[in-house]
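Input: a single structure, listed below in structure tokens.
The first chain written gets the first letter, and so on, giving A, B, C and D; residue counts start at 1 in each chain.
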């Protein structure tokens, strides 16, 4: 039975199979590996910036290169690492956690990866040809506009945004439909793992937040290329339109990056505390509340712009309120941890590191929500410290914990524990020593995005200390990179459930076969693998010669009907290539889009045209009434 | 929200071979996929209309051009065509749910023809519009919203056209009736989104003193 | 005269003092919360013990934690909004000095309006203010978004093209306070600083009247300075700079009528001494690469006489 | 497979051939041809311009930063006073294809540095050479002769003309009544 399934579900060998890949496990791994390569590139840019800032009036990096470095560092970390790595983890883990054999739209996930890859390569090819963006990852107009940003630098940025957001939107649609319709029978909405809840909320946030930046970057690209006046005040445009449109997207974006981190903690804790996360309902409602309130806080990025005080006070209140759900989640985890028989493996260390680090960022966030404090520390190194505490503390720490936790599942080999612990301690100490001094620098008046500073400014010692400490942080991260590279081939072999965890992904062998589950499980509780084997059921009756899966109802996951999932196909790559050509050509001439549409139509027809053996239609009979 | 009480323990082995191989409406994954895509496009259109209202706010530079004959009339006819195409689309969906191939094909053809007619009129309107995208901010927002909606309608017409080719000549399968319904979702959205957009783009200038 | 950068928590004015108070209030609360959370974490994680977990009891504790958090946040909200309202005690103030601050790409143009147009004082990068008197700053930007920030006097306020805004500052003690642009504005955003020189009323009025006088006529200049003026009026300087009382009237660059009396050069980047002035004039791109000041290719002797002339413009 | 992907990425990163269009050259060659205030002995230069500036002049023609700086200087040095924004007022129009004194970079350089009869002043010694090269690049991008994709866009002011990047290149024509070459 299994080799029949394997024959049906595996794509075959060779380059053409590699390009036509649609299995969520492979595409998820590609997302994560590519995102970590961009993370390394972003890290190198950060190291260059720290070296330039280590001494006053340093001539190592000129202003033009420095501006390109910090813009590419910001854009890489936000658009090419943080969101895509969460997309990758979601693509890899969600189907496994809900007992499905693949995502609902397999070819759409392949398209999502290829479009992301095109966006990333566009930014770095641009950067290597001195055409990297240089007006900041937020690209405020008029600096990023046609009058003050000559050449194609900001166009590269705007198109990269369009690619990465297109990719995120495609993954979000995929995840929502998979979570809604392909859950294993019995996994009702209240038995879904908390990480799946996090990805569901994040997917909806992506669907409603990303269009804002796609519209904003398209308006900027049109302003620069064909001379529209969205951001030209003399002709009726408005620079604050850009800020509102961008931050309406960018604040939900940071929660899109951060909520999967919280979900991963809820997934890691049970394995190392031998307890289910306390307050399942509280954590779920907190995640959903954070998802909604995240859309109502964006003006706290614009307190210094001189907007009316009443509006600012509203946004102070909403920015303070959003900490309550996250606080409740923390209290639930603390209650879960309280005097539990902990096993201090690396994943748990990174979760504990999250507590120590993220809470600092959360509290400086509360301080930044107050207008009087924000007027002093906005756009200074204080904010740089805050954002790194919440992003590295809140998302990268749980992510590294997740890498150590799910690496055995993805590759079949355990990561080295000693190297993991060493990497954790170096990362924790290096991170705090690098970024805590930046709080003081910000209060002492050091603005953000400055390529140098005067000898008499009094910022020298803290900057030097931060640069040295950033070496320790880099070393910590490097050890995890080496650990992955070495253990990927020579790590200790892992069996199906090395951590004795409770969720479904540990029911399949490591690495999972092409069809994931030999028999799709039925679920009867929140911790399926901690049930006695007798209580676990299986689904039978699915065809093994076709990619057939069972579609279940939305709330109770009762079996509803069977459907055939799409198989390996070259069309996603073709569609991504057409999207790439269309948008890159439209950086140079407005005729790029009509070209894209003209090329796109045949590709779309190729993609949607039915393939494989048709199930004959009983033509003209009154149709098989849906049961 | 506690689940363990009312959910019966799952049976030992669940045979699903008896289940239908296709479903309509919210039970089908494709329907949800198209609904979410409509949500994305709706958010995009809503943001453009919000930025139109935002830019309309600074009155000193806002000089909307009143659209007179024939541009306004051509736009109104297009809206009528779009609204008219909703009926045959709904008819096609009803026929698709009943599996009646001939009726589905005919009604979908009518709906697509009306959509195509609207696109032809739109090409005329492009030449009739008295301002360009680089005239001023209002022109820019107008043309961007105009372009986005045209893209939506074009996508809908092309998708319906492909579906028609399949229904007339291809090997029709059960699930293709579901695709007709999913395509209809996108078409309903393309029609409905143009109502608020038209109010703002075409009729709002009439409120401004000349 | 090149002060270290201002420290936001060492205020020299009523606004910054109010901001510092709100900061310390928030900092105290947040520090306590952090200690409590980390303590709970360590106590809970490092002492394995009770096997049985009394879930309802712990859920009540979690709920209590949530309510406590909400109450704390409401308190902080009140502190923040109350602090915010105090920022503009100047509304009713009488003797308010008004100055127009114009943000240009990578320097600050300052205009003190006079009773008549010719009485207007135009200077750059150094904002003289009388001690104790409130100063209303009209913020205007000519190109991109800048942000006016003097940490020791007040929070920052953006200068956005198309959105003229105002801010108030007041220095309670004499001194020189360093400020800089806080919104990324291009290549030389890092070296777009300025000084706020708070001085007693009479010194301020003396400075103001001195600024209103045009440049010294040729007769009053030394031979070297006269040669310098000749180079100034026939070289590239006259295309961008203005010296009141001479034929140079361009307003693209800073007004140099009283450049000799200024403490710093190049928007607070260099102290105004002979060799720095010479280096800035001869090869500006080595000091601020990318700035709009082109290098002036002169022989050594010409450079000396030009610098002598500029230093004579006290 | 993954190594091949990494190799491609590294190759792309390494290919920093440094495309000429995007470099921000703020410190051009220092040796300037004009001796400010000095007497000019002859205007006959092999190749039309003094050799010192020929390199900078040629590089500036296709460089986005140079053209954008040229546009800023066109307003800063009050060229708009006579030429308006290219439409021509006291001075001749620049955005059309008719050129009285030639449209090659060298001709335009000579026009700016030497001046021309009927009112074009000589800016020798007043504008440094690399800025003249930037002005030449911008002036030639007005009728679309230079820059192409890299020409400046619209400016942040009242719309007097579309951005130079939307201008389709026009073949230069000798203006009627122009002196023989």
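Following the convention adopted for this analysis, a contact is a pair of C-beta atoms (placed from the backbone, for glycine too) under 8 Å apart; a residue touches a chain by one contact, two chains touch by 3 or more.
Since the structure is predicted, the reported quantities are computational estimates derived from the model, not experimental observations.
Graph distance from chain C to chain D, where chains that touch are one step apart, equals 1.
In terms of C-beta pairs in contact, A-D outnumbers the other of A-D and B-D. Work out the mean CA point of chain A and of chain D, and you get 45 Å between them. The distance from the centre of chain B to the centre of chain D, each centre being the mean of the chain's C-alpha atoms, comes to 48 Å. With centres set at the average Cα position, the gap from chain A to chain B is 30 Å. Per-chain Cα centroids separate chain B from chain C by 52 Å. For chain C, residues touching at least two other chains, in rising order: 143, 161, 187, 289-290. Looking at chain A, residues 64, 142, 147-148, 223, 226-227, 229, 232-235, 238 sit in touch with two or more other chains.
In chain B, 134, 136 are the positions where the chain touches two or more neighbouring chains simultaneously. Pairwise chain contacts present here: A-B, A-C, A-D, B-D, C-D [touch as defined]. Residues 15, 18, 33-34, 37, 41, 64, 121, 124-125, 127-131, 142, 145-148, 150-153, 223-227, 229, 232-235, 588-589 of chain A touch chain D in their complex.
Those residues of chain D that touch chain C in the shared complex are 24, 26-27, 30, 32, 36-37, 72, 76-77, 125-128, 130-131, 156. The touching residues of chain A, counted against chain B in their complex, run 104-105, 108, 169, 172-173, 176-177, 180-182, 185-186, 188, 190-191, 207-208, 210-212, 214-215, 218-219, 222-223, 226-230, 232-238, 241, 244-245, 248, 281, 522-526, 535, 537-542, 550-551, 553-554, 556, 559-564, 597, 601, 604-605, 608-610, 614-615, 617, 619-624, 626-627.
Only residues 2-9, 16, 18-19, 22-23, 26-27, 30, 33-34, 37-38, 40-41, 44-45, 47-51, 53, 55, 58-59, 61-62, 65-66, 69-70, 73, 76-77, 79-81, 83-85, 87, 105, 143-145, 147, 149, 151, 154-158, 160-163, 165, 178, 180-191, 193, 268-269, 289-290 of chain C touch chain A when the two sit together in their complex.
If you check the complex, the residues on chain B that touch chain D are 134-136.
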